[in-house]
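Going in written order, the chains are labelled A, B, C and D, and every chain counts its residues from 1.
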Amino acid sequence: MPKISFVDAINLAISHSMRKDKKMICYGLGATDPKSIFGTTKFLEKDFGKKRIFDVPTSENALTGVSIGLALNGIRSVVSHQRLDFFLLAFDQLINSAAKWYYMFGAKKPVPITIRLIIGRGWGQGPTHSQSLQSIFAHIPGLKVVMPSSPQNAYYLLKDSIFDPNPVVFLEHRWLHNLKSNVSYKKSNKLSGSKVVKKGKDLTIITMSWAVHDVLDVSKRLNKEGIDIEVIDLSVIKPIFWKNIFASIKKTGRLLVIDTGAYTGSISSEIISEISINYSSRLKTPPIKIAMPDFPEPTSYGLTKNFYFDKLEIIKNIKKILKIKKTLQIEKNIKLPTHHDVPGEWFTGPF
Amino acid sequence: MPKISFVDAINLAISHSMRKDKKMICYGLGATDPKSIFGTTKFLEKDFGKKRIFDVPTSENALTGVSIGLALNGIRSVVSHQRLDFFLLAFDQLINSAAKWYYMFGAKKPVPITIRLIIGRGWGQGPTHSQSLQSIFAHIPGLKVVMPSSPQNAYYLLKDSIFDPNPVVFLEHRWLHNLKSNVSYKKSNKLSGSKVVKKGKDLTIITMSWAVHDVLDVSKRLNKEGIDIEVIDLSVIKPIFWKNIFASIKKTGRLLVIDTGAYTGSISSEIISEISINYSSRLKTPPIKIAMPDFPEPTSYGLTKNFYFDKLEIIKNIKKILKIKKTLQIEKNIKLPTHHDVPGEWFTGPF
Amino acid sequence: MNNKTLLSMYKKMQFFRIVEETIAARYHENKMRCPVHLAIGQEAISAAFSQVAQKGDYVMSSHRAHLHYLAKGGSLNSMISELYGKENGCSLGKGGSMHLIDLKVNFMGSTAIVGNTIPISAGIAMASKIKKEKSMTFVFFGDGAIEEGVFYETVNFAIVKELPIVFVCENNFYSVYSPLKPRQPKDRKIFKMVEAMGIKSFKADGNQIKKCYRTFSDAKKYVDSKKKPVFLEFETYRHLEHCGPNNDDNLNYRGSKEILRWKKKDPIINFEKELIKKKLLNKKKIYLEKNKIKKIVNTAFFKAEKSSFPNQKEAYRNLYA
Amino acid sequence: MNNKTLLSMYKKMQFFRIVEETIAARYHENKMRCPVHLAIGQEAISAAFSQVAQKGDYVMSSHRAHLHYLAKGGSLNSMISELYGKENGCSLGKGGSMHLIDLKVNFMGSTAIVGNTIPISAGIAMASKIKKEKSMTFVFFGDGAIEEGVFYETVNFAIVKELPIVFVCENNFYSVYSPLKPRQPKDRKIFKMVEAMGIKSFKADGNQIKKCYRTFSDAKKYVDSKKKPVFLEFETYRHLEHCGPNNDDNLNYRGSKEILRWKKKDPIINFEKELIKKKLLNKKKIYLEKNKIKKIVNTAFFKAEKSSFPNQKEAYRNLYA
C-alpha cells in the first residue's frame, strides 16, 4: 500500500474512474490550469485529453445543469468547485432538478453526477470561503452527501460516489489535503458510511471530516487513562447509515456528536434527535453536541482564535459526559498547534 | 376587530408598513398584475404608486441583490415570490450576502429586507412547487425565518419582519390564504415566536404554519376526553424562542413535534435535539416527530393521498406518547376532508 | 415544402389544438388535478418543428410543454394519463403536466422552473457530441426565460463548446400576466441581443407555419454543417390564460385590440384558408380529419380516466436509482 | 485635462502601486493572514476614476478591491488594519481584504463571490434614484464576472428601471489562471455584446490613463444627462499572480511575450515618461513624491501592526442588527 496524500487520493480516484468508465468526464474552474484545483486534477489532461477534462466559464448554475444533461444522455461527470460557497449559485439545478429527476420522472433516468465542493478554513477565509453546509444538502430528498476524512476513505468514497447512480455532493475539506497515509486501491463498492474507526465501550463519539482526526487522537490517548471511546466517522452524511450508530449507542449508552457545521440545524441535531426518539431509554446521560458557532466565520486571526473547537474542548465534553472531575494526563500534556488557522507548517496562504 | 382573510392580513401588513415607512417599497413577479400575488398586493399600486410597488423580470438572484442594495442605501423592501422553489436561484445573494452583511462588514450597515416565499401544496403542485425548506434557512447564521399560521399572526409577524433590521425569510403557506379570523392591528413589536396557543399539562406539541390548525382542533377536542395538551406555534423558526418551549417541557414532560418540512434535518430535529441535550431528565417518554416524508412531493392525486399527515396520524402519535390504548371518541367522530389535496371547497386549481 | 408536408403540418396543428381544447373543456371536472399551461394559439411553431426534427434529435421544454412533447412524437396516452395522475402516466403520475418525458422519442423532460432545462439541454447536446451522434438538441422556452441569468450562461457555454443545440424562444410577449414592458428594455430585439453574444440567430413570425418550417430547417442545416449552436426567436401569442383552462381576457392585462389582432393571426385558421385555396383541403376533409383526431384524443382521455392511480407505495419508491 | 489633474492622477497611480507593492513585500511575514488580490498593472483605471467620482457617488467592488476602495478615498489605515485583522480594520477584522467598506466615502462594500456585488450595486443606484440624490453608483468587476448570469439579470434590470449606474468591467483577460479561450467565444467584444442588451457602452485602453479619464467622464455625463445606465470595458493586465503576493510567470499560463508586451504598456511608466516630457515631472519630483507616499504607507502598516486584535468576544457579536 503506497503512502499518498489526500490530494493524490482524490486525483487517483478520478483517474481510475475515468479509466474504468471511458466516457466519463471531469470539469470545473481551473481543472486544467497549472494549479489543477490544489493538485486534485493534475495529469488528467495529459492522460485523458482535453475532451474529457476541461476548464469552464464562471457559470456555476449552468454548469450544474450541464452535468445533469450529460448524465441524462449517458455521460457521467465529476464537477469540481474550489469552494462550497460558490456553489450556492447552483442550488436551483441541484435541488429542483438533480435531486428530484429520477423520482419525479417516474424512475426513467438516473442522474449520476459527483459534485466536489471544497470547504475552506483558516488563513482569513472568512465568511464566504469557509461554509460547511452539509446539513443543508442532507435535508434534500434525493441527494447523497459524502464527507471523507482520510486519503483512504477519500479514495474509495469518491470512487463509490462517481459510480453511484445518483447525484452526490462530495464535501472535501481543504485542511485534509496534505494529509498522508497508506491507501489500498479498493474496488468500487456501494456507497456506505458510519464507519467505526475506533472501538470502545464507554462513550460513542460521532463525527466527520477534519474533526475525525482530533477526536481519534484524543480518544486513542484516553485509552491509556482507562477511558474507552468508540469513534464513528459518518463519512456519508446522507443517507445516514444508522445501523452502526444505533449499535454503538446500545453498547455505550453515551453520545457526543462533533460537527463541522453551524450548531443550529446541523446534521448532529438529526443524529441526537433520532437517538432520542428511538433509544432514549438506552442513554445513561444526556447527549452533547459540539459544533461551530451560529455565526459566520470571521476573517481575523484574532477573532478565529477560539472560534473553532480544539482538542481541549473535546476533552472537556468527554469529561462532562463521563462525569470525570479530575484533571486528566492528556490535559496536562496536550500540544495545541502554534497557529490555530493553518493545518500545518506547510500552509502559508494565500488560499 | 374586523374579520379578514389571511391574504388580506398580508395585504394590510404591507400597506400599513408602507404608510409608516414612506420610503419602503415592495416588488415581485406579478406584484401589480391583475391577480396581485393571490391578492396579497392588491390596491397597493393604487395607494402608493408605481414607484413604490412594481412588477419585475424573472431574475430571482439579481432581484435579491437589488433588495440588499436598497437596504444598504436606506430603502426597506418587501420582495415576494409566488413559490419558495423559485427562490433557490437566489441562494447566493441570500446566504453569501444578505445573511452575513451586517456581521462581516463589522456591523456597519444592517440589511432590512423581507422576503416572502409562498409554499404550495396539493392540486398537483408536485416536486418543485411545494417545498417547505424552513430548516435550510434556519441553518444559516444571520437570517430570521418566520412562518405565520393565522390572519392575526400573519399581520403582526409580517409587520414585525418588515421593521426588523435584519433579513427575514417570511414563509407563507398557500393553504392558509383563505383562512378568516378577527384581526387586531397591533403596533409593531420585536419579532418573537414560540407562542403557547393552547395551554395544557399532559403533552407539549410544537408545530408551525398550516399544521397548527389540525393540531389545535385535535387538541381542543381531546380536552373533552380528559387529555390536556399544550400547543406551541413556533411562528419564528429562527432564532427559535426557547423559553416557552423549555417551560412547557418542564411542565408536561412529553414532546411531540409536528413539522411541515421533510423528516431528516428538519427544524423539529433541532428542537428534539436541544431538549434532549438540556432536558432529558424531564422527559417522561421519548419524544416523537411527525414530518413530511423524505421524498419529493409527487403530483398525482393518488400518490399524495396519504403523503401528508392528517388528524388521524396526529391522534395516533398523541396516543402513543400518552400510552393510550383505547379508541378515543375523536377517532370515531373525526371528519377528514373529502379531498386531501385542497384546503377547502374554494380551491379548484389551477395553482 | 411539398404538399404532403403542408398537409401534415396542418394536421399536427389541428391535433395540438384539439388536445389542448379537450384539456380545457374537461379541466373543470376536477380530475386533472395539476396546473396546466396550454399553448392554444402557439401551435405553428411546434407543428413546423415536428416536421423538421429527426428521430434521434433530443428535445426539452418548460412549463408549457404539451405541444413540444407531442411534436416530438411523445405518446398522447401517456401524457393525458400523466395529467390525470395515473399509473400509466409518462412520469408514473409523479410529475404531472409540468414534468413530461418520453424517452422512446428522445423527449428528455420538461420542468416548470423558468429557465431550468436550458443548461440541462446543453448537457444533453454535449453528450451527443461526445458520443459522436448525428443528433442535435432543441430546447423550448419563453420570453420570460431570457430574463434568467442561466440562459446567458448556457448560450455562452454552448458557443465556447460548439454544441449542437438549438435554443428556441417562443416570444408570446407575456410572462404570466406581465407584458414585456416591466421586464425588458423597450424596442429590444431578443434575437439581435442574443446574436451579439456570438451565436447565429434567426427570427420568424411564429404564427406563419411555413416561415417556422423554414426557420427550423435553416437552423438544422446550420447546426449540421457548422457544428455550432443556433438561437431562434418566434413571435406568437397564447389565446387562453397563463395557467389553467380559461380565457382571461376579462382581466384586461392584454388590450382587446391586441387580442383581436392576434386572433386574426390564428395560425390554424389562416393556414387552413391557404390550403383550401390551394385545393389541398376542403370543408369535408377538414371535418373528417378533425373527427379522426377527436376520436384519438377522446380515447386517450377515456383510457386515462379508466386507468388506476399508482399504488400509494410508489410515493415512497425510487428516490434513489 | 489640466496639468493638475494629470499630476494628481499620476500620484494616485504611484500611491496605489506602492500600497500594493508593500502588501506584496510584507505578505511573507505571515501577519496579513487572508487572501489578497493585488491589482498592480491595473492602476490607471482606478486612478482615472478617482478624479471623476464625486463625493456622493457610490462604489462597490469584487475580490480585487483595494484600488477601488482607495480611489474613492477609503481610509488607507483602515484597509491595512483590516488586512492584518485588527480591531481598527474597516470591517473590524471580520471581513479581511475580500470585504472592504468605508461608508464615509460611500464605498459600500466589496465581496469575493464573482458577480455578487453587481445586483447589490443596482439596488444602491435604485435607492439613490428613489431618494432623488444626484449621485450615481459605480460597480467594478472583472471579465470573469460577465460569465455569471446575475450580470445579465442586473444589466437588464438597470436598463428597464433606468438606474444611475456605471458597470465597470476591468478585462484583464484572465480569471485566475484561465485565459478567455475556455470561457468566452473567440473574438467576442464584451462591450459590444453588452451594448446589444440595450445599454450605452464604451470601451477604452485601461492602461492609458487619459483615455480612462475621458471614458469615465463621458460615462458620468451620459448618466447625468440621460438618466440611464452605462457599461464600460477597460482592457488591462495584472502583473502578479491572481491571489497572493508573488509573480507567477513561471507557471507559463501567460506567454512570456504577452507578459512582456503588457509590461511595456505599464500605465505608470508610460505616463511618467509623458509627464517628464511635458516637464510636469522630473526625477527629483518623482523621488520626493514616492518617498512621501512610502512614508504614509509605511505608517499605515506600522499602525496596523501595532494595533490590537479585536476582542475575541467580538466574534460572537453583531450577528443581528
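As a working rule, a residue touches a chain if its C-beta (ideal position, glycine included) is under 8 Å from a C-beta of that chain, and two chains touch if they have at least 3 such contacts.
Just so it is clear, the structure is predicted and the values come from calculations on it, not from any experiment.
Common neighbours of subunit A and subunit C (chains touching each): B, D.
Once subunit B is removed from consideration, the other chains connect through touching as one piece. Per-chain Cα centroids separate subunit A from subunit B by 31 Å. Our note on geometry: subunit B versus subunit C, Cα centroid distance of 36 Å, whole angstroms.
Inter-chain centre distance (subunit C to subunit D, centres taken as mean C-alpha positions): 46 Å. Each of residues 56-57, 59, 61-62, 85, 88-89, 92, 96, 103-104, 126-128, 141-142, 293-296, 298-299 in subunit A touches at least two other chains.
Counting partner chains per residue, subunit C shows two or more touched chains at residues 89, 91, 93-95, 99, 111, 113, 147-150, 153, 156, 160, 182-184, 319. Taken as a contact graph, the chains are fully connected, with every chain touching every other chain. Contact residues on subunit C toward subunit B in their complex (touch as defined above): 27-28, 30, 33-36, 85-87, 89, 91, 93-99, 111-115, 144-145, 147-150, 175-178, 182-184, 243-245, 251-253, 308-310, 312, 314-316, 319.
Taken in their complex, subunit C has these residues touching subunit A: 58, 89-95, 99, 101, 103, 108-109, 111, 113, 116-128, 130-131, 149-150, 153-154, 156-157, 160, 317-321. Chain contact summary for the complex, subunit D toward subunit C: residues 147-153, 156, 159-160, 182-185, 187-188, 192-193, 195-198. Of all the residues in subunit A, the ones that touch subunit B in their complex are 61, 85, 88-89, 91-92, 95-96, 99-100, 103-104, 126-128, 131, 133, 135-136, 138-142, 238, 240, 261-262, 264-270, 272-278, 280-281, 283, 285-289, 293-296, 298-299. Considering their complex, residues 23, 25, 51, 56-57, 59, 61-75, 92-93, 96-97, 101-112, 141-142, 144, 165-166 of subunit B touch subunit D.
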